[in-house]
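The chains carry the letters A, B, C and D, assigned in the order they are written, with residues numbered from 1 in each.
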């Protein structure tokens, strides 16, 4: 197969949203990112709200099955070729539901379902700092998970409560092209690093 | 009241363990720390295993009560005068159950129950690095929570699976004095910074 | 001595600016912080621009003196009772000149001149994120230096290039009271934690 | 050109050592890594000890040349196709000389010489924690520099003062294969991500 063909084949992208709120600002950001994705990317949400808190005892007991939601989540990530994380910041770090998804997916020992999947991180907050703290704490975890993580462009979305106008369109006209560029760069990153694993 | 009296009055210390495992190595470390505490400290465990994943929707709905476990946890922390965190590392960061306790206790907006409580962090891992990554990610959250956090001594316990011998005693004779010193320093830190809030 | 007296006695505060530029935006922020300090604080700049890059060989050679600028810097910090760091962000972390001052002041082994000094960190950038990355990387170093570091208020100054108007006054009227509050809280923090060392 | 050919062509690798000591333990680690490199990698040291502390004034003055050492360093990095960082930890973060090299190479604005170069980080300390703090602080800077950074294997070398025996050979027989594996993985990483830039 030629390089150009490999770069163009469709890629299944899991989108994990760090907030559980029904009307989450972060989920809105994620929807706009999905809308801005080039055709070769096939993004879909992977749900994390039903995952019981990670407890190794539930994974290693011989006679028992791990929680069904864990098995469902792990199977969904195994079916992905890349992962896009979209996260708010709670207490200057990664929200617990997102950290829980990381911990569930990485276990049990030797069965990390995230291993080798190219990743990108978009962080967003109503304030001006765009959840920088959560973004970089998550990056530290992705080192351990062995997920090649896109470096540039970085995307810290501040003022996420004003992202959309009253009609549900992006308030800032320049944001659309930033999101498009971001997703195109992510497609190139995912294609390049997916090849390595292949 | 004189300084010396203030430094000697008993202090109620909440001990939060970052792992949910029944036979957690981290919990063993916590028990040894409690045993090493000077008389003026009154440490007790605060349970975090039953806390539903933090979701702001459950906190702000007008007609509903937040989960009972959240209310229980918040009340227990409100009754503390200091907090000792004892944590393992999951994926180079804070385990989800501990981050969840942080997120639950800090919410809803304006009702952070951790505010002003002096804190210390002990991290432990079976490997040699003693959960350094979890330790410092947690420190970043404690800045936001406004918890004055003891700087020295730092305590990163490596080889936590060998902490105790077959009789349940500390394997390393020097560890006992390290733990005692740590808890004495924490008592002084908590007394000093508790005065500030008073 | 009574608590109230201790809280009111003057405190000598070293102010370390992380940028070496003559017309540094960060230095302007530092000047405004100094202007906003309550009378009990006695702040003065401690110069770091002439410090040769830290190299342990220069500290431990028996027959030689360490560089004169190192000796000058160490003596100035030893004369301080608290330290205020004001820093920009270079490459998502602490600028090299500031990290160099940290490394010079902490060495040689056992002679850390920063030990026990209460600290606060203000970070500033022309962008909107206020040098969050530099702020928290510096906090990690201050743990090792054993400097009790004020947690709240956090102060991340974005848009530092617009801090002052054409007359050199603060452009944002609310900024003056934020800086005053910050320095009052720092005075209380420094007084409280200085007592501990005493 | 075929994928296999691209993966095999020689790659020029700059090796940057974070310590300035003549007999630096970190430099010994770097020499062992170079010895363990597969033939396709062409590693060579890039000197950082003579770089004046970064000061933007020296870069932007119209009539003046930046310091000659800065120009030399920038030219050497421009000639590299990948960079290997080998660093100790000073005060829980990146040593000032290494941070200075990062700051010099990334400036002036728009002329970052590190941009796009695949990178790997090995950290080492005499203690048991292997300079974890320095390793991950450096990773945060490499995000901004846009250097695709290898995630696994992570390599934190503890007990670096015992790395070599009295004959200058590796004390731990398993270390040789760890270093070889590391450099082979780095060669694959550099080849894959270099292709992307091409």
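Convention: a residue touches a chain if its C-beta (ideal position, glycine included) is under 8 Å from a C-beta of that chain, and two chains touch if they have at least 3 such contacts.
Fair warning: this is a prediction, and the values are worked out from it, not measured in the lab.
A count of C-beta contacts for the chain pairs C-D and B-C puts C-D on top. In terms of the distance between Cα centroids, chain D is separated most widely from B. As a whole-number value, the distance joining the C-alpha centres of chain B and chain C reads 29 Å. Chain A and chain C have Cα centroids separated by 37 Å.
Residue positions of chain C touching 2 or more other chains: 92, 133, 136, 140, 143-145.
Across the complex, chain C meets chain B through its residues 3, 136, 139-140, 142-149, 151-152, 154, 188-189, 192-193, 195-196.
In the complex of the two chains, the chain C residues touching chain A come out as 92, 128-130, 132-133, 136, 156, 158.
Residues 19-22, 49, 51, 53-57, 90-97, 99-100, 102-103, 106, 133, 137, 140-141, 143-145 of chain D touch chain C in their complex.
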